[in-house]
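Right, one structure below, let's go through it.
Think of it as A, B, C and D in the order they're written, each chain with its own count starting at 1.
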């Protein structure tokens, strides 16, 4: 398959990550996380996010989000998130099925949740007739490739905490957000008051693997191990997940991969925004570009390159880059789009 | 307690219903619906709704809605309903907890779901990443005391069926809607293509009891008995639920009670709409009036009569009437409101 | 229908209970338990069980058991009960469906759970691979009409508490047990260390209604209202459940009804145990007699009187009495059995 | 870590499997199984099990069992399995949590379920009060390292099908069973009537990965994709799971790894059974040996080699071998046990 622009999960494993898997493959190791790789990887997370960070590896993004949120919600407590959140639109109701709780989707202007959006959803009664809001969940970067500024997250956290709510960040692409903002995942989460982060690996160079981080170790210590097991996210050969994360969090690889993906998207944006017939639809700052063009041109381009139509109605397409996308890939892709429009 | 204007569930049991309970209280009866009262009550439903009607009694409205919908949704199938639906706002996520399925709340102009509102929610992919729409649920009368016209329901049904979806009517107040429209519950449901109705008893003179009606007997025959039992809605002494419904569906009592409640609301509307300081906020045609007035006046009125502030933001209040509300009650209430405003 | 010997839930409503319903039927009342009847009924429970008793009314026995147990179990925590418990055999998995938790059924000699039966089930690991025992649930009287002696319950409670477990009593027939032992429901529960009781009404003269009693008000105060609502057990016209319980707990009616039921069973036992062809199979001390007789004779008897074959294998039948069973009923029944055997 | 005798999931990745991962790591690939590796791996399964086989990869054993069983059980339908089944004892109630259904654990003599064990559990009523048996689940090899003979499975299947039940095989170690019996996984499953198999990879040389096989493609085609997604078992970078299975099912590697593991266990058994102080407790024919010895000797041995005490009561230990266990490992282990006993 030629380079895909469909999703960062179409990418291969980054070489340093693969090397870490190979290196972990010596001799026997105790299962279920009681191995040295897991201990070291957790240590790396604590270096990055602080010593109080409680870390649980999971298989995939849906698993990580659902297990993380399940730890802090009772069945009558609800998660508030943007209408466009992955949790709401792309996880097939896994959260509802696992917890019985309600996700309350909130319309937003651009995929970013703001206090004014949230407020009307907090007026429902506090009695037993109504699901009780418990967590605010946002995606950083957003589903539209944009980022929350640190101040925006800080305000959401203050707003949430004042009402007894937790803040969860779906960080499938937290590294891309940090790269875009020239900062660190820590500076975008725990330092701003975020309570729970699902830190993405799969979309940033790993074979598979996500990490649930609770920034207060008392939050889920007695709960998360059971929730992860019941959520079918407990890997027996945990060393192979852990070794990948250890490698990712070493020598700033998380940043290198994400920065590269972002830079490729920036290159794409720069070259494609001026093409007649292409209209950029979103303020994308990470590794995704959203655009609209003629429906027939989209079809022609999709014959040459694999990417998704994100919203059939407009139509709006999404083009994603990743750690392995090259400048030549971008240039080939731009050419393909141009020719599709020209025909 | 003086007359309440808070809800039709504040009403006592209507005398003919109570008489039916007394009459049922002779000797022993087999439990769980294998008794003669249940058979007769089911027969009454079939007289009203057609011979193919499959009927299951439940304890309360939440139970009836949840059991009914659970019979036709797999855990990855979703129910589409207005954002204001009782199912979404007032059942504390009971549906999600019982089924693991998702409710997809749809914003509407006035609490009535229209095809244009629905369409954007049917564009999501048909693959495993997205909850699959399965049922459209509407309330008749609506949560705002309005009614769907027969044509509106017919169109929704045609739209739904063309897409393989079912239509469910939350009929906690279906009798009030039928009374308002001068027609029958049948003419508002099965005759228009509705697949499932939860027919309300509690709010129309019963002590307790709702009836789930499947209009296609193959829809849930192997499912509903188990769903009702697991939903903890199976009464052992079923005769006492059944006897009430038998009485309600006899001699048009359902209509008499509902018409009276509607008439009292109409009287209230007529007298109160012209009071300075009261603004009617909804197009109410059944037994609920929505209005706004000065916050302090609301508080003063609530000291004299029990009713709810429905939406604190506006603020909007709801005034409900029921089978036992009298003309004097209305006149007293209007006076109370007037004096609250005057002070 | 002639007198049934199938179940105490085949009985009609006792006259004093019905009178209480009639008396409650005046004027309007706030819904969902914020009425004076509910407050008085809760007061009666506190008189009987102590001031710290936290009471929640539910519609039926399955609902009461499931809501009660759900309040103290996380989804990975298990309820241990006899293999023969109603919770395990007759509630269609409602507990598992509502909570996702596991019921661990324990074989017993005679339906009574003893410490020696329990012990092997407490050796499983305390890690995330295994459901963690959280509650021991017993039925008083047992499913076989026998009773636990106070000392047996006290020992179970001490055993449970020493291991951080709660003790729940399914008291659908707690009144029969208290009557049989010449004591009170309190002396059989809170005074022995029981943490949670579901106090039965339906099988002891009520139209419907069960009461969940938490004996430590901190146990479920923030949980039970939501669990009851999500469990679809919250009656809107609560006064009619409450009024029944108020009546039942007044002038020792609970005891009178249960004593009468027990006395009728004792009379039946005395007359039937000496009939050739009838073998009593269980040590029944309350209102149920278990026996075996010739399969053809059972069939003939069932043509004349309604009762259940409890276990087809043996075959074993169950004969139950209730508050309304008369001496004549017993004598007629004994005659029917005799004649069925003689044919 | 020295060689572990705790579990076959303590093993590293087999070299041919790792090579397949490396080979898959070129360029981009569409996510979620729409890639060429997945298609080829499914093809391999069809070569092995027949063209009608419907295959879904999952992350781990709990996930594979739960998703597989969820596809054929409604929430009121139950799975019957041995009391000792992994599903019952080691999956932390994940099945109950995901489905709301009941697992009915059946005591057996030796971990093998026989028709005589099953029969009493099929007499419960067919009405809504009782969970309805729907699937019989057995483990091949068993949790005690023994195997079902083909005739035993054939009889179970005939018994099940005659009652409308499905048969599921938890085949976490199906390869070890096939190796022990000198046959193929196919000859132990679809050819005998088995309906569903979870085919184990993790314990037979893979990094991670299990495969759910439905042998009738109509059984779950519309259900399994959604169940897997909701069960959080859908890998985005599916090629890396698929490539491993493709390699495992090529050149009889599944057999080579499993045969080696079994042979190492046989060598261990031969050398250890005659040691004074060791008593073999189970008829083990695959890669697990169960034994009892002095509690102090166990503790001493565990200081030198990592293995689990399976049952603290006896005490009974489990010693497992795997594809990477060597003859020297066995000899060292035997020495360690001997010296532990001698001290």
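As a convention for this text, a residue touches a chain if its C-beta (ideal position, glycine included) is under 8 Å from a C-beta of that chain, and two chains touch if they have at least 3 such contacts.
The structure displayed is predicted, hence computed values, not measured ones.
The interface of B-C is repeated, with over half of its contact pairs matching by residue number, by A-D among A-D, B-D or A-C.
With centres computed as the average of Cα coordinates, no chain lies farther from chain D than B. Distance between chain centres (mean CA atoms), chain B to chain D: 50 Å. Computed from the mean C-alpha positions, the centre of chain C lies at a distance of 41 Å from the centre of chain D.
Shown for chain C are the residues that touch two or more other chains, namely 75-76, 91-93, 97-98, 100, 128-129, 226, 229-230, 234.
On the side of chain D, the complex with chain C involves touching residues 75-76, 78, 89-93, 96-98, 100-103, 105, 107, 120, 123-124, 128-131, 311-313. Note for the complex: chain C touches chain A at residues 32, 74-76, 100, 127-129, 132, 223, 225-230, 234. Against chain D, the residues of chain A that register as touching in their complex are 1-4, 6-7, 9-13, 18, 21-22, 25-31, 35, 59-63, 66, 91-94, 97-98, 202, 207-208, 226, 229-237, 240, 306, 324.
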